[in-house]
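One chain, chain A, appears in both complexes that follow, with chain B as partner in the first and chain C in the second.
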Partner chain A sequence: MESWREKALRWIFVAIFLAVIEVIVRLNLVDRIFLTSPSLIAVAAWDELFSGELLSLFLLTAYEVAIAFIVASIVGLCAGCALWRYSLLGRAYDELLGALFASPLILLYPIFLVIFGRGINAIIAMGTLYGMIPIVLNTHQGLRDVDQVYLKVGKGMRLSERQILRHILFPAAWPMIIGGLKLGLTYILISVIALEFLVDIGGVGTLASKGYFWFNTELLYLGVVGAILLSMLFVTLLGKASARLLSRE
Partner chain B sequence: MARGRYVFAFSMCLLTILGLLLLRAPDARGQLQTLRLAIPQKGLFDTTMPTVMADKMGFLKEEGIKPEIFWTSGGAETVRVVTAGSADIGLATGTESVITAFVKGSPVRIISSEITGSPDIFWYVRADSPYRAIKDLDGKSVGYSRPGSSTHMILQLAADHYKIKPKLVSVGGPPDSFTAVMTKQVDAGWSIPPFFLDKVEAGEIRIVFKGAELESMKDVSLRVNFANADFYEKNGKLVRSFLKALKRAIDYVYDNPRETTALFAEFNKFSPTQAEAGFKFYPKESLVLSPLSRVDFAVDLALKLKMISKAPTKEELKKLIVVE
Partner chain C sequence: MNSLLKPLMVQIGTVLGFLIIWEIVGESKLLFAGIVPSVFEILRAAWLQLSTGSIFPHLLVTVYEASVGLALAAFSGVVLGIVLGANPFWRKIFEPLILYFAATPKIILYPIFLIILGVKFESKIAMAAVSGFFPIALNTIVAAANVNRVFIKVAQSVGASNFQTFTRVYVPSMLLPIFAGMRLGAGASLVGAILGELKVSNAGLGFIIIEAFNHFRVAEMYASILLTFFLAAMVNVVMTLILVRMRGFAH
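On to the complex of A and B.
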């Protein structure tokens, strides 16, 4: 459980950071084309919220991220298990996936636009691919690292393969799998918002794009704030879900 | 003994100073001042050729300028690079973008026009498309590069002029636009010569609209050259020298079309025929550096696109525009 001191320390830092930016902008120490004050961003947020656009953009990005995350998690977990179960597959694909993970897959976006059309389907597909790789790798790694003694004990107790998977393997590998899911979520958020910015389709990324190209710094940072809020929302939800699963086990 | 050592040390110091002075003298006489130029869209005729030719023919050197070129992806980046002081002068940037940056407090000064009218940009469809003219694109998806760009501006004006309501789609640069058209992501895309003129020749795509067809834009300074205000205050003479060299280069470009076409082809790895076809899109009068005309048009557009909330005053425009 988080202590009030930890929370206070975190929010004090955020408050000081925002106050420093507010002062820097108000004293005209930096050009408004590069940086704007939090109070002006709040005003822009209020206006956009009032017009209804901000909420719809935020929900659209949330929808894209959620769908991409669900698909990436299902496919990633299954693929990770398959790599562990069939060691030949694991040895064949582990390094390849690692190399793919390190490469700038975002550059493939024109191909996704061609295959999935110029719409949110392309963004979801790109996000799924980006998020799936760390989930596969971490699931594989987590299952592989489970201590053989536990498995021997399970077998000694005549547990079925399904029971071993449920009661021994997954609980032991869960921290690693959760790490993969968090990493996958982060990559999905980055790719979804980057693609929205690049192709001007979708949610908060388009808001940032409009702000950048029209020199509307408030809109630009509103897009950034939207992305941060979404990230916080999804990470919190994932944290709660994993805590609940762990407590059950 | 000690006196001898002092005399020797003194002589050596004197010789070193003399040597340094002698070494520095020719440098000082022939020293060139570095001018950092931010140029968008590397390779386009109007944005690139005058400066490249000015450099190649030594016009910039004759004016005491050593160019240091930064290539940028477009107007928004160019404005930011110049505002931050990373570049001294930004070339070929949308007039409404520079006005918007100025209104929002950025230290910029418009030093010359860059292109007047829109002789270059064109829109095309696939050869098997049923659309023959821009009027047919009512309700259809039509690509432009980026919000607030020249293509966005022209497309909106064309839509107003022809009383159509196309669905405007931001597709990026000419290669992205071509991919979007050929894979039917959009019904029409944009390009700038000589990019994809060979596809027009080959009958793969068909031009449906040229920016030059818009009468209302013929005398509008669509893009401008601008400088960082602090740099301009301190180096006004250098900026004027740069413009002088640029004007000389533009004259040279049109007086020597063969050489220009060859350079244009070599720079972009085009065939000479393709480069020649591209060059023909640009009449000399479109590249005049002054006067800067119809600024009101750019201001109205920035207001219409909600890039600015109120028009700059006459005094503010006088401060912004320093075109001679």
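On to the complex of A and C.
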């Protein structure tokens, strides 16, 4: 584990970085249009929070991510099980999905806009597609790599197929499946925020876009910082949650 | 042989099935009328873009932006990676921050590049550089940290200078993992530049995609996306081939 000293030092460096920016802006060394100070961004955040918009934007993003994650998990887990059950499909689609995942899927967003309309449905659909692939691949791999000895023991104890699934296969594949869900959720968050920014629809991602088009530098930086903080918060929570889920087994 | 052939047949069957369903949906004009053009229409549009050469100036712009961005990303990523990888103390402090940033959507930084660098090439180059930076830096950190300490000790004990230790020990043992990072970075840089073009631009592959979208020239939009995917796949294949070649030399 890392010591508190390293942690403290890390945040001291972050604080120094922010302080330097604050000083640069306060001394008018750069144009306020280009760069704004952390304190002014904080003021903008405070104002936005009370005008009510900031909170609703965050909630909208959370809503999109949640729907995409639920759909992606259900479809992904089922598809992963199907690929494991029918090994010919498994071998064929593992490669196809892997190739799809390596391709720049995000560039398909204009197609999603024409098919789902210019609204949050297109964003949710894109997030679902992105999140589903790692969930399918990991579920399949987790089930496939379960040690055959465990299955033989289960059969030797005359367990039914359902009992084998419930008591042997899923517990053994669990860490891999959790890894897939985690990866899927991260990809959903990234694609949702990116798309919100690109098409100017939805939650947090639109803030930066609006800030740019209105020449409101504080709003722009608030959007950027908000999106980054949201991602960081999310990665941290996800790490904690998966550590807890895995330690329970 | 049969075990390899069967999955391949399923793969080909799936792609063909997808194309046939696409064609039927497009021809029937019941669902999604007007937004699912025939596959042949898309291919014709793609051929038109290639044969008239209208796509090449845009292709050149995108490749220029992505490659300059990748060069910047590679330089800064390798330098930072070596500094952090060779110093465990600094690595412990800064690596978590880099990991955090690697998991955020880089496109969100684009408006900052737009106001500082303008709407022309420079802002897309910055996008490409930021996108490609993280995989390269993270791979280099691991590579530099994993250089065999015994080799370094040996080099020092036979009286190698710092520079010689760097060129004869560090560089050869880090070359492969760094290039593996560059392979990922090249894809990320290309996507970064194109995403920037999709948002605000006046040239490049992203620009012609969004132009076709805005004027509802659907077949042309699909064709441009198809060609862009082809370019991304080519970059990936070329980088993978070079990597395999390098592995061959290393062994």
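Remarks
Simple rule for what comes next: the second predicted complex is superposed on the first by the 176 of 249 C-alpha atoms of A that agree within 3 Å, B and C clash if a C-alpha of one lies under 4 Å from a C-alpha of the other, contacts with A are read in each partner's own complex, and residues count from 1 in each chain.
By definition in this document, a contact is a pair of C-beta atoms (placed from the backbone, for glycine too) under 8 Å apart; a residue touches a chain by one contact, two chains touch by 3 or more.
Predicted model, so just to flag it, every value in this text is computed and none were measured.
Applying the stated contact rule after C-alpha superposition, one finds that A:193 touches chain C and leaves chain B untouched.
Shared-chain residue A:74: touches no atom of chain B or chain C. By the document's definition of touching, of the two partners only chain B reaches A:216; chain C does not. Using the contact criterion defined above for the overlaid structures, shared-chain residue A:14 touches chain C, although it does not reach chain B.
Legend: residue contacts after superposition of the two complexes on their common chain; A:42 is shown touching neither chain B nor chain C. In the overlay built on the shared chain, the residue A:34 is in contact with chain B and with chain C.
Of the two partners chain B and chain C, more chain A residues are in touch with C.
Look at A:117: by the touch rule set out above, it reaches chain B but stays clear of chain C.
In the superposition on chain A, contact of A:243 is made with neither chain B nor chain C. Shared contact residues of chain A with chain B and chain C: 33-34, 110, 113-114, 198, 209, 212, 217. In the complex of the two chains, the chain A residues touching chain C come out as 2, 6, 9-10, 13-14, 33-34, 88-89, 91-93, 95-96, 102-104, 106-111, 113-115, 186, 190-191, 193-194, 197-198, 205, 208-209, 211-212, 217, 220-221, 223-224, 227-228, 231-232, 235. Residues of chain A touching chain B in their complex: 28, 31-34, 110, 113-114, 117-118, 198-200, 209-210, 212-217. Contacts from chain C toward chain A in the complex involve residues 6-8, 10-11, 14, 32, 35, 92-94, 96-97, 100-101, 103-105, 107-112, 114-116, 187, 190-191, 194-195, 198-199, 206, 209-210, 213, 218, 221-222, 225, 228-229, 232-233, 236. Residues 76, 79-80, 83-84, 97, 100-101, 104-107, 146-149, 169-172, 176, 179-180, 183, 185-186, 305-307 of chain B are the ones that touch chain A when the two sit in their complex.
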